[in-house]
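In what comes next, chain A is part of two complexes: it sits with chain B in the first one and with chain C in the second one.
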Partner chain A sequence: MLDFDLFEQTYEKCLKCNACVVNCPVSNTTLDFGGPKHLGPELKRLVNQQQTIDDKRIELCTLCGNCDMSCPENVHVSTLTAYAKAIHSDQSGTKFRDFVLSNAETVGKLASSFGPITNLAMGMKPVRKVMEMVMDIPAERQFPKYRFKNFKRIYHKKTAGTKRKVAYFVGCYATYNAPEVAESFIKVMKYNGIEVAVPDQKCCGVPMFANGQMTQGLKNANYNINSLLEYTRQGYDVVLTCTSCTMALKKEYVSFLKSAGAKELASHVYDADEYLRLLKDSGELNMDLSPMKEKAGYYAPCHMKAQGIGNPAMDILELIPGYEIQDVGAGCCGQCGTFGFKKEKYDVSMRIGKPMAEAVKEVNADYTVTECGMCKNQLDQLTDKVVKHPMQILAEAYDSYR
Partner chain B sequence: MFDVVVIGQGLSGLLSAISAKEQGFRTALVSIGSGKIIQSTGVMDLIPGSHGGLKEWMEFHQLTVGQKQGAIDAVEQFKELTERLGYPYSGDPEKPVQIVTGAGHVKTTTLYPQTIKPVPERGHVVVVGFQGISDFQPAYVAGNLHKHRPDLIIDTMKISLGKHSQRTMTQLDAARLLDQEEVRNECLTQIKQQLTEKNIRRPSLFIFPASLGIENWRKTVEQFTRELGTAVTEAPGMPPNATAIRLNERLKKQAVRLGIRFYSDTTVTGFKADGQMIQSLMIKTVNQVTELQGKQFVLATGGILGGGLEATPSGLKETALGLKTDEEGALLNCPVNLHPVGAANGLQNTQYGITGGIFSIVSAYQTINQVCQLASVEGGTRSA
Partner chain C sequence: MTEMIETDVVVIGGGVTGAGVLRDLALRGIKAVLIEQQDLGHGTSSRNHGLLHSGARYAVRDEEAAIESYQENLILKKTIPGSIEETGGLFAKVPEDADEYVQKWLAACKKVGIPTEQVTLEQALKQEPYLNKKVQAVYRVPDGAVDVFTLVIDVVADAVAHGAKALRYHEVIDVLLDQNRVKGVKVRDVYSGVEKNIYANIVINAAGPWGTQIAQMAGIPLHLINNKGMLAVFSHRFNRQVINRLRIPGDADIFVPAHDVTIFGTTGVNVTDPNDTSLDRQELERMLAEGQALIPSIHEMRMIRAYSGSRPLYQESADLNDKSGRNVSRGIALLDHQKRDGLAGLITITGGKLTTFRLMAEMTVDLVCEKLGVNVKCTTAEEIVPQRKVEGYFNQIDMAPAARNKLKSWAGTKAVQIESALREENTVICECEQVTWAEVEAAIPEDGRFHLGDIRRRTRLGMGPCQGTFCHHRAAALAVEKGKATSEEADWALKQSMIEREKGMGVVATGETAKQQQMMAAIYLVSLGLEREERQNV
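This part shows the complex of A and B:
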């Protein structure tokens, strides 16, 4: 039996107030989910120092982290549910599909090597029908595109020589699916006189944690911690363009590993917009931004909200003269990383996403801005608006300045 | 740098932040947890647990007669806001009404959403419960209600929502189910059937748990009223009450759409001050401590129940900023740009640990008007 050494005592403060259940996007959509309170602190209280219980109902947890954000007693609910997921997949086994989905990096490497073919095949109905039958991946679900010219083929810089030095944790999405986001980030940094190094890195582990692949996820976590600490100890700041990877480096590594290294790394990690805001506050930000007469709707990913950093993307984009941006005020998108790619969860995923699609429609901006690639996937499927990353807009504003 | 930084996202905090932002001030809201509205009934009392009116309320909070109009104006402002947000509140502080709770207790309240109707002295009411919702037991409600309303004829029934749940169902779960038309139709069929079986004709009110829809509360109330041919009410009781969740969700959505910056899941660990002025708050985010600068600060952390005050063997402790308080929890030597609202004003403003809602509303609006005056004087231009 898997014996996770989980020194997580915060559950003792749980008052069963239901704040997490009230704010859980899955609980609010289906009665099939056991809920964060029952499968987090209550389950932990029940089994602590007793026999481990494998509870199947945990499958519907997406690890969005809204439970952590809503808890008035600071119980680390999502840490507890992540372990419940790990126990479940250890004891009940992992579907081949979930194993594949959790290895976003391997999939990205393979899929992007055959980029054009992958995209073509993924868009073909017969192929998708087979995938649905063999893999339980619903035929209706849109997939992000894979790029042959992925970011690894484009950018090879391992060191930076400027005063401020950035170590960029690219993440699987910007590497294999959206190298334009990574390139925009490099450009934005360049306009600010900052060189960007890309350290050796593996998938942050979030898709693994979400699929109960805790052992593999923690292996990746340790690899990334060791690799990135070499940089932070030389004065680099670790900056990311994906809010889920940022959450992993800031919070999850610390919660799961509780190691000194994880804590040390966490204190050097910044979301890209948060980092630019920091430059702005210290008077270092290049303000040569060309005016843009556009109105954008902002969609806040759960893993951005959970960082407790306000709304840095809007703080930065509002600096562009004439640029209008409004938060659409929506909850979880329902894609939730790999969750929305699973046949048995597809319906729940769509139902969670519906209010988001309505919010985007209500605000009716020219296009939608969000940091998260997976949220973008759901926005692409459920709305008719183009979706952009904040770095793409900023790069454009810098490029057209004269 | 923010014009206004609000600590706490309960009723006082959200109203303060929304009001400040609507007046054009750059506003941040710092919070741990999702705020205490979700634990409430969503109805706004004058003095909780008391039948007192506006006069008694003013005495309770030691307000002068001159402050009465200000209080009434603040209540009007709240009603105007909730109307705009699609969840209007009814009621008049000068004319409190009596409503029934989820325990069958009759309580006096002042502002209530349109899903609630006052409970009559006489006539015929039917209490309807849902199977699986253990927090609302029709027989128990009827027994208690009978003590308060001996002249009322009370019938009870239980119906099924037709859905199996993998967890303990709450009133909120029921409310989300009743957002769906098929569930509403199924429920109405069962109610009508039981009315026939029990030979009940034309009751004057149906009493439900606080579950009559969330997004589609208006549709639910209209359909139930139409098809049952008489008024329906929610009886708010054990949280989560739909009455409160609707208010909470709408206030938050409004705050986010206005552009208030939410620093969620953060703990205030201290502050930096220049003499009697707070310069910035130190907030602990996931694994970093960051500094949040502001001109004016609003303390909306609540009393003992809200977590803003902690009762310790050596007396009361203010939890967010670690400020000294008197034995009632009111701040001593309050920094000049820190403004406590609602229950954060100390225990003399709470009964059974809560302010009853009206005090929070009045306190939030009045405080924020002063804050905004200060912010414009000191801050120069408004940066919306």
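This part shows the complex of A and C:
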């Protein structure tokens, strides 16, 4: 049995104001969810030193973190809901599908080994029908492509020799699905005279937390903390291109583990654009950016907003002469990591995503910019605009500079 | 014209003592009417820890009270299971307390037969993570937690089911005398103002701290020491078991888990007015400072409210120098005023403890039987008050598991009614304590006026951290919508409950509770435009 009575004390501060419920993308879409207030601080209070309550409605929580952002009392709502998920898995077991989805890394390794076949199969209707029947993964749901030439096969640098040294936490998505994002990042760093090392790493754990696999998630967290601390203690900065991984390293490891190591690591972690903004502020940023006459719509992922660092991607991309970027100002995309791949959540996922799709349409830019691979997946499915990562645009601006 | 009622016995006071006496009378087939000036249990009976004593606290100093407590502890667990949680209790010795007392206490418990079991420090801290890590010895005793609200309500309901009558919101305005004999009481309905004469062979004064006033109306002297104690409620339940400090009983040394909260107290100050339930911040600060010995993080934990009430202590010759009242016996005082004052037809039952209320009732009714020439044995040591825990209900209702859990341990005799109402409407209206409208509807008393306090005591509505900020207006609005109250009644109920909630919150209002109070004021006074009114004594 999981024991975390003393883990999270912030629930005591809840004033029941409902700000989290009002800002919850799921609560705004369906009445079947108990809401972040009830399944977070309220439930925690009701089980404290009493009988545990397993509320299966917690499956509808996406761990997007909008509740944390909206709470005026700084209650760590999503930490509490993550534990409610863990209790639910612990008491009611885990579906095979959720177990598979939560192991994004293993899936990534396998799928990318057979990359072309995987992608072909995932595009075939009969295959998807079988998956829907056996796995409860809806046939209509688009999947990201898997690359045979994944980032692990491309880049092997374990150390950096420059003044500023970056330890890159790649994340599963940029490793197996979008190595071009990782390559662009390496390039952008190189243009700034910074060498990038890729330390040993495992999946950040976010898909595990989201599927109640808390024990495995924390195992990965500890592995990553130990591996990355070896770098930070030698003066490396940990930089990431995935907003969810960044959230995990900055906030979730600290909230869940409350360990000195997690706190130490968190103080060295940066989102890629946040890191570039830092370079800009200290006058170190290479400003040799070629002008671009393009108009982009920026879509901010929930896990970017939840970091509380503003919109660093827009701050940086606006430095490109002639470049026009506008925040589409939409809420949650509805994909929410593994959530949108589940049959029973598909309808909710689509409904959450609808306002985002409309916002993108309204802005009517040349393409959409977002950091998160899962948001991209939903954008790909719900809009007809191309979706790019900020690093891809920056790399292009540096490349074309004469 | 004054209404007239005739009965065998009038019981004054709808606290736990009066409730116990009423049920005992009813089970023995004696006609009785209970008079309570406000809601059941509104006085001392609900203004305490809700601790089912094992007797261990009194073992050293008051052997008799210890033995009585332990015997009654066992009886109540068996006969009133619906209002008792068998939590068990710990006595913990902290470094600042005398070492000698431990052996003395163990020997005293052994002598009176109260079982104690030593718990390893490791075990104790595992079970009670907030307990001081520096504890030196911990013993387990069979303490328990009592829901004092449901206890009184259920005992009276069982008495009524056996033919007794209970009049809530009726105050005694006179004791009717016929020379040297009490022949009844004159009461007034506090809502309608209607006066009634109730004639009886015997009047029982079970009015607790108000007992002196009743004696005065009968023209006899009765000196009670009203010893006021303060208690604080923490926003969540942080202990699994009762935690007592292993020392000579003193202030602020007991923590009782009560459903979803922890209740901490108490103090002892003698007061003259039984209606004095004033709260003092400095008294609270002293309590917290003292409580730190057992729970070091006490200052970091959110308190949601505080309250106070008076213990009616009786001693024929009171020691006026004992300001704390701790040296006055907690023992039972059964006064036959015929023998004591030459006034027939009046009996006073006072002193004692929550834990010994049944025994007090048994002793009182034994005396009544003797006087009435009735020869029926007391059965309250065996007859069970209907259980609240229910099996097989609510599983098919689509509702929050937390609300379902609560109902399963709460619905009791109303399970069928609540379940069928839930099929129509299953919305939780009090989120902190997971109370549904179906439950509120089933709990609204048939007599009296729409009153949120009455509902609170029967459902826990508004007892959580938000103290009614959100559920009071929901309950009031639904009551009007469903024809349970007029909008004037709802308005009045909202104002009264807000005054009452604010009083308890005000004294602990730092940090979150201060913000909560502000939010409550903003919602009721600004958004809903409720006008503040002077407190009425209801």
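The criterion applied here is as follows: the second predicted complex is superposed on the first by the 399 of 402 C-alpha atoms of A that agree within 3 Å, B and C clash if a C-alpha of one lies under 4 Å from a C-alpha of the other, contacts with A are read in each partner's own complex, and residues count from 1 in each chain.
In this section, a contact is a pair of C-beta atoms (placed from the backbone, for glycine too) under 8 Å apart; a residue touches a chain by one contact, two chains touch by 3 or more.
Fair warning: this is a prediction, and the values are worked out from it, not measured in the lab.
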Touching partner for A:G310 - first (chain B), second (chain C), both, neither: first
Partner chain in contact with A:D327 - chain B first, chain C second, else both or neither: first
Contacts of A:V254 with chain B and chain C, given as first, second, both or neither: first
Partner contacting more residues of chain A (chain B vs chain C): B
Touched partner set for A:D384, first chain B, second chain C, both or neither: neither
Partner chain in contact with A:K16 - chain B first, chain C second, else both or neither: second
Residues of chain A contacting chain B in one complex and chain C in the other: 17, 34, 38, 57, 73
Chain B contact footprint on chain A (complex, rising order): 17-19, 21-23, 27-28, 31-35, 38, 57, 68-74, 247, 250-251, 254, 263, 266-267, 300, 305-311, 314-315, 326-329, 355, 363
Footprint of chain A on chain B - complex, ascending: 28, 32-34, 36, 38-39, 163-170, 172-173, 176, 215, 239-240, 245, 252-254, 256-257, 259, 261-267, 283, 285-288, 290, 307
Contacting residues of chain A [partner chain C, same complex]: 5-6, 11-17, 34, 37-38, 42-43, 45-46, 48-51, 53-55, 57, 73
In the complex with chain A, residue positions of chain C that touch it: 129, 235-240, 257, 260, 301-302, 400-402, 405, 431-432, 434, 464-466, 469-470, 511-512, 515-516, 519
